[in-house]
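In what follows, chain A forms one complex with chain B and a second complex with chain C.
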Partner chain A sequence: MNRFLPDVLIHTTEMMKNKHVAVIGGGIAGMEAASVLARQGLKVTLVEKQKATGGKLNDWHHLFPDFSSPGVVVENLDKKTVRAGVNVVCHTEISHIERNNGRFELSDQRDVKIFADAVIVASGFHVFDATLKEEYGYGLFSNVITSVDFERRMKKHGKLLTLQGTEPRRVAIIHCVGSRDAKVGNIYCSKVCCITGIKQAIEINKMLPECEVFCFYMDLRLYGSKFDSLYLEAQKRHKIQFIRGRLSEAAERPDKSLQLKAEDTLQGRPLRMNVDLVILLVGMEPALSNSSLMRNNQMKPDENGFFRSVNMHEARNVGTQEGIFMAGTAICPMAVNETLENARSAALEVMNFLRTDKNHGGF
Partner chain B sequence: MEDFSFLNPGSRQIDFDNFDDRLLLYVLEYEPSFVTCISCGGCTATCSAGNLTNFNVRKIGLWLRRGETEKLSQEIEKCMFCGKCTLVCPRDINIRNVILLIKKRISELKTENQPV
Partner chain C sequence: MENFIIIPFTVGLIYLTLVLIYRFVKWVRGLSKLDKLRLVQSFKIRRMLRSLKEVFYEGLLHRKIFRKNPVLGYMHMSLAFGWFLLIVLGHIEVMAARRSLLVPFYLPVFFRYFETGTTFFASGIFSFLMDFFLLIVLSGVALAMLKRFKKQLFGMKKTTRLKTGDRMALTSLWLIFPLRLLAEGMSAELYGNGSFLTSSVGHIIGSFSSESTNLVLWTAYSCALGFFFAALPNSRYMHIPTEVLLIFVRNAGIRLKKRNNTYTDIQVFSCSRCGLCLDNCQMAAAGINHAQSVYILKNIRNNNLTDEQLFNCLLCGKCEVDCPVGINTIDLRITQRIESTLQYNSSYNYLEDLPARKASTIYFAGCMTHLTPGIIASMKTLFHMAGENVWFMDEEKAPCCGRPLMLAGQHDAASKLIVNNTRKILGSGAKTLVVSCPICYKVFREDYELGNVEVLFHAEYISRLIREQIILPGKTTTRIVYHDPCELGRGMGMFEPPREVLRATGKVIPVKNEKQMAHCCGGSLGNLKISQQERAVLRNQAVKDYQQYLPDVLATACPLCKKTFARHRGIEVMDIAEIVVSSIRKSAEVVPVKASVKEEAFAEELV
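And then the complex of A and B:
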């Protein structure tokens, strides 16, 4: 028995070396899952549609709740994937996954074909298109921006100005844009927007101490263990004001400032407010590529359009097609730390699957 | 002895044991979407009547849920049925219909000579 166990391990390690895993999506989930698998000795190909890996984090300025740098996270993941020997293929957008003779065939719009024993879908999320909420005026009024625009502007210019080039004296941050909204078809909560709003409110206050910042919310959902302390800090140290009421509509005034209409539901009266800048906290939607990735296999969407798991408690990463796994925000909205943990668990599920793969004589 | 009202708080408390559900049950039967209201106040903010009077659509829903029939029968007259509340509702509740149903039920109760 004592001699048997190591033999089995050696056998599996040898067997695993010949296994090939394809990871779709070079965001943080894909990078983490790919590097973990490669470190375990598997052959891994990471496929990314953009010119470089890193995904949406390449656009973010600071991460909640600690204001750390997303660039450092991406850089470390890049190093890990290279060191582990992951084969990274950029400029390639996989649109089909088919299963033939127990193996998967991945293809893009051109002629690229990748064969794999298991697949991890880490296709991420799509940012809600705020122009769909016409009454908020995104795309119509130049001083209405999204939380994503805020991150990009801060990263690029390091400051926040109105379109006229002036420093805003009053900013409104609007929660739940594209989330918990039956009118746009998204009834779920995107989970990360509340804390993003508080993070951005604090950043504005640090940059422009004279600027008043108001958050309009329906419910504040600060689910993380360190999120509520940031909320407290926003109230105590940064004088951020929280108004419980959903923005009903925004209108542009001749001087390009915006008039907001909401109800202060705690006062029980309609409220009107003029602000220089509006930030819409846009939610997460299923990635646009999801439907084509599900087309030629047994993968299914869940009620919100994300990839359906076999079991949301015990097999979150396991897709409804045997051999296809999911990692990160392809499953549901999640924060950076959750995404990385989720990706590692996806890698473990893949290892277990390949070890017990009937076609390859596992045990 | 002087009757201090704070010694008899019954009048101020919401009395769930004697809950008047005559309006609520009727509304939920014909407009079941009402059950999903989260009191966000979007309706009140956009309300044409609410900008001119103290009419508050969100409170109409709240009173409906608490069985405040008497208050409702007075307040409901202020609605102009423009339907803007329905347009902004994130829960996709047909609020205009909710108000219409309350009005309808109240007039039914009145013709049946029941106290409202």
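And then the complex of A and C:
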């Protein structure tokens, strides 16, 4: 009846209030989508496998590009979900989504069962396992860490030291580890690591002004509105040195410093350098549970293994199984602000779906 | 009796003989002086007998094909050996009939046309045997026809594609024996000189045709023979005479030495295009169906080999294993690569002459092991435990061993690296050179001249340490599947030492595709054309096979295999050196501390 109303004019009816939406993944995407839907009056359950919501942001120290606090973002989202009345279930990892009599049945490996009229998959991303690039020595050499380790150390200790407990005098930041690398099977760009690297380089410089920082990149992908100015600032104010070239291998020296072999592709010659610490900017990969979440329904992966949208321009949040939607980095790599926008649009798609879904007495 | 019927046959035979003489002489003359000397010296009774035996087993009986596939083996044998017996027995028969050792060369072929009904010593037995062998040959022809249309029956997945010259030869070959049957049948009907097969066939034809059919059939038979002989030099059947030459030349110890000579031609013409190499080639799984050995050989022969084909090969050596002709497909391909890149060799002018260090043992990790620091760390631990005075020759700086360049055909560039490394190795005064990469191992063993320096693969070195009880690994119940690296297994024939090492640490599960038939991991440096996606298909296929045996760990003895398999992410992969070191640590109850393990613990606290 009201079919011809423009989509934005959604009125929540009594009928809608009986609808139940399940959101898988309590990262920022899941929290935002769940709270928007609950505010509209729907029943929403948010399922998170860890003991608390917030996802990866719980590990981050500062957010690019403004060095703001990820903790505050998570805290605000937590407040929103509570106020809107979202039912939050932690310690539960959903492994199956099955469609039964027009409804969805979600289950975990134990005996949890959740029934829902629509589902949002907000399972986020998986951090690339840097041991797969064995030539960089992660896991073998104590002074090779990842960007994730950097955030965690900074958050926990507020400072960056080598494993011997000394202040590093030279740090190399390596871009594109596990991204844009057909050998490890990931040909796409993870999008946020270039700017993460610049942010971390600036943080190191602020903390240890004497420390030299080198970024090894293939090309810099600084797509965001404030990213380029941060890059200029890094070069001018913080004297970060950018070297175009891919690291080929690292070797540990007896004093635990690292010898790097790379090629400077601007100068066109091989390069060797000794540094005290190496930070690998690890890429974003599809979440590990994706394949099991796709197994019992019509959801499909895209060419990179993330969830496939029915249309990447007009229906980014709509999955290939009717009634299942996606939000945030379950779709592709994105930053915090994009993730939140994307989650709100997912909520809108769910509202539209439930309103027009005839099987469920939509109007 | 009309004599003209022998003309097509005779003309074909004379033409064939002339071409063969011309080619064989050209080929032998084209060998290097040294190789010619080798050939002359090989003319000794024992060697000759050995070669003749091989000709008999492989050229006539096709024993190797038999082993691989009995039906296919029977097909080849019935055609080759059956025909051979017909020729030999035919001659004896004519000699018996004429009571003379000198008989016209065509007579045994057309005997039943010219010899109308005389009986001679054992003529009944002769005609019986001749019929019997004809039957065998015919069964082979029938199978060959069936194979063209239903190759799966022969346990083969693919069969080779034909070009016109081959098709002509094939058609005439298929016609020869059915026509012979009909012609001899007709003569048997007319003159009663046949046996069980020809008489009964003759009976049937005779019932609806006149006497003049006899001449027609014999003429057709002669034509088919003549046509086949004429088509043979330009068809794949040239392999039949060439293989005989190949056997003699090979048994004289002649090999390809990185440059083409006529030995290349002899091998190329010896390929029967049986297609057995296609079945062994994994690349088909990734949709690569144009670069296998049989096509390379064919295109070298036809002068239309493309670089795309030449460089699209893993050099895994699986095709060589089952080649019934024993063609050295890998050497042959590398030689073609060398020939095709002669103009593009890097000069390596910037190679530095770094000083050698005095040491009793040298460790050369090589570029690949440098990409797997885990293996280097384990080797260092082992050297330390052995208390050796080891010079880690390429720890900081050193050129590559040269093998990857060699695989790419860059022979001159590789030689420069070899010279540079050789000087250092000899300068150090070391007695032993240990390597942990099979790619290096092969080139050090085959292309370096290191005098008395013993080149050891780390598996050999480690197994020696274990045997001498210098290191004591702890044996566990870990299920280990061992992957034979191509360059080590098929490439160097080393299968046991790595297994011996592994048996000291856990339970080595035998798998179906191992040793000579082991998979290639897909990571091969030899293939310069394959895409990463195609490599992943090959790797996944191998991993899937190994996973059936539920291993706790997939062991390799090659840094490149390790890296390739690790990227699959679904299976734990370790080099034998790492396995040994970790088993020693475990038995000493010292758990290695990994930096990443710490980070993980760290993460747990946060969440």
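One rule holds in what follows: the second predicted complex is superposed on the first by the 349 of 363 C-alpha atoms of A that agree within 3 Å, B and C clash if a C-alpha of one lies under 4 Å from a C-alpha of the other, contacts with A are read in each partner's own complex, and residues count from 1 in each chain.
To be clear about the criterion, contacts are C-beta pairs under 8 Å (C-beta built on N, C-alpha and C of every residue); 3 or more make two chains touch, one makes a residue touch a chain.
Please read these numbers as outputs of a predicted model, since none were measured by experiment.
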{"item": "Room on chain A for both chain B and chain C (clash or fit)", "value": "clash"}
{"item": "Touch count on chain A, higher of chain B and chain C", "value": "C"}
{"item": "Which superposed partner A:50 touches (first chain B, second chain C, both, neither)", "value": "second"}
{"item": "Which superposed partner A:59 touches (first chain B, second chain C, both, neither)", "value": "second"}
{"item": "First, second, both or neither for A:182, with chain B first and chain C second", "value": "both"}
{"item": "Partner chain(s) touched by A:249 [first = chain B, second = chain C, both, neither]", "value": "both"}
{"item": "Partner chain in contact with A:312 - chain B first, chain C second, else both or neither", "value": "neither"}
{"item": "Partner chain in contact with A:265 - chain B first, chain C second, else both or neither", "value": "first"}
{"item": "First (chain B), second (chain C), both or neither touched by A:218", "value": "first"}
{"item": "Partner chain in contact with A:135 - chain B first, chain C second, else both or neither", "value": "both"}
{"item": "Overlapping contact positions on chain A, where the chain C interface meets the chain B interface", "value": "135, 182-183, 249"}
{"item": "Chain A - residues contacting chain C, complex", "value": "50-52, 58-59, 129-132, 134-135, 137-142, 144-146, 149, 152-153, 155-156, 163, 182-185, 249-252, 259"}
{"item": "Of all residues in chain B, those that touch chain A in their complex", "value": "38-47, 50-51, 54, 56, 58-59, 87-92"}
{"item": "Chain B-touching residues of chain A, taken from the complex the two chains share", "value": "135, 176, 180-183, 218-219, 244-249, 261-265, 268-271"}
{"item": "Chain A contact footprint on chain C (complex, rising order)", "value": "370-374, 376-377, 395-396, 531-533, 536, 562-563, 566-567, 569, 594-597, 599, 602-603, 605-607"}
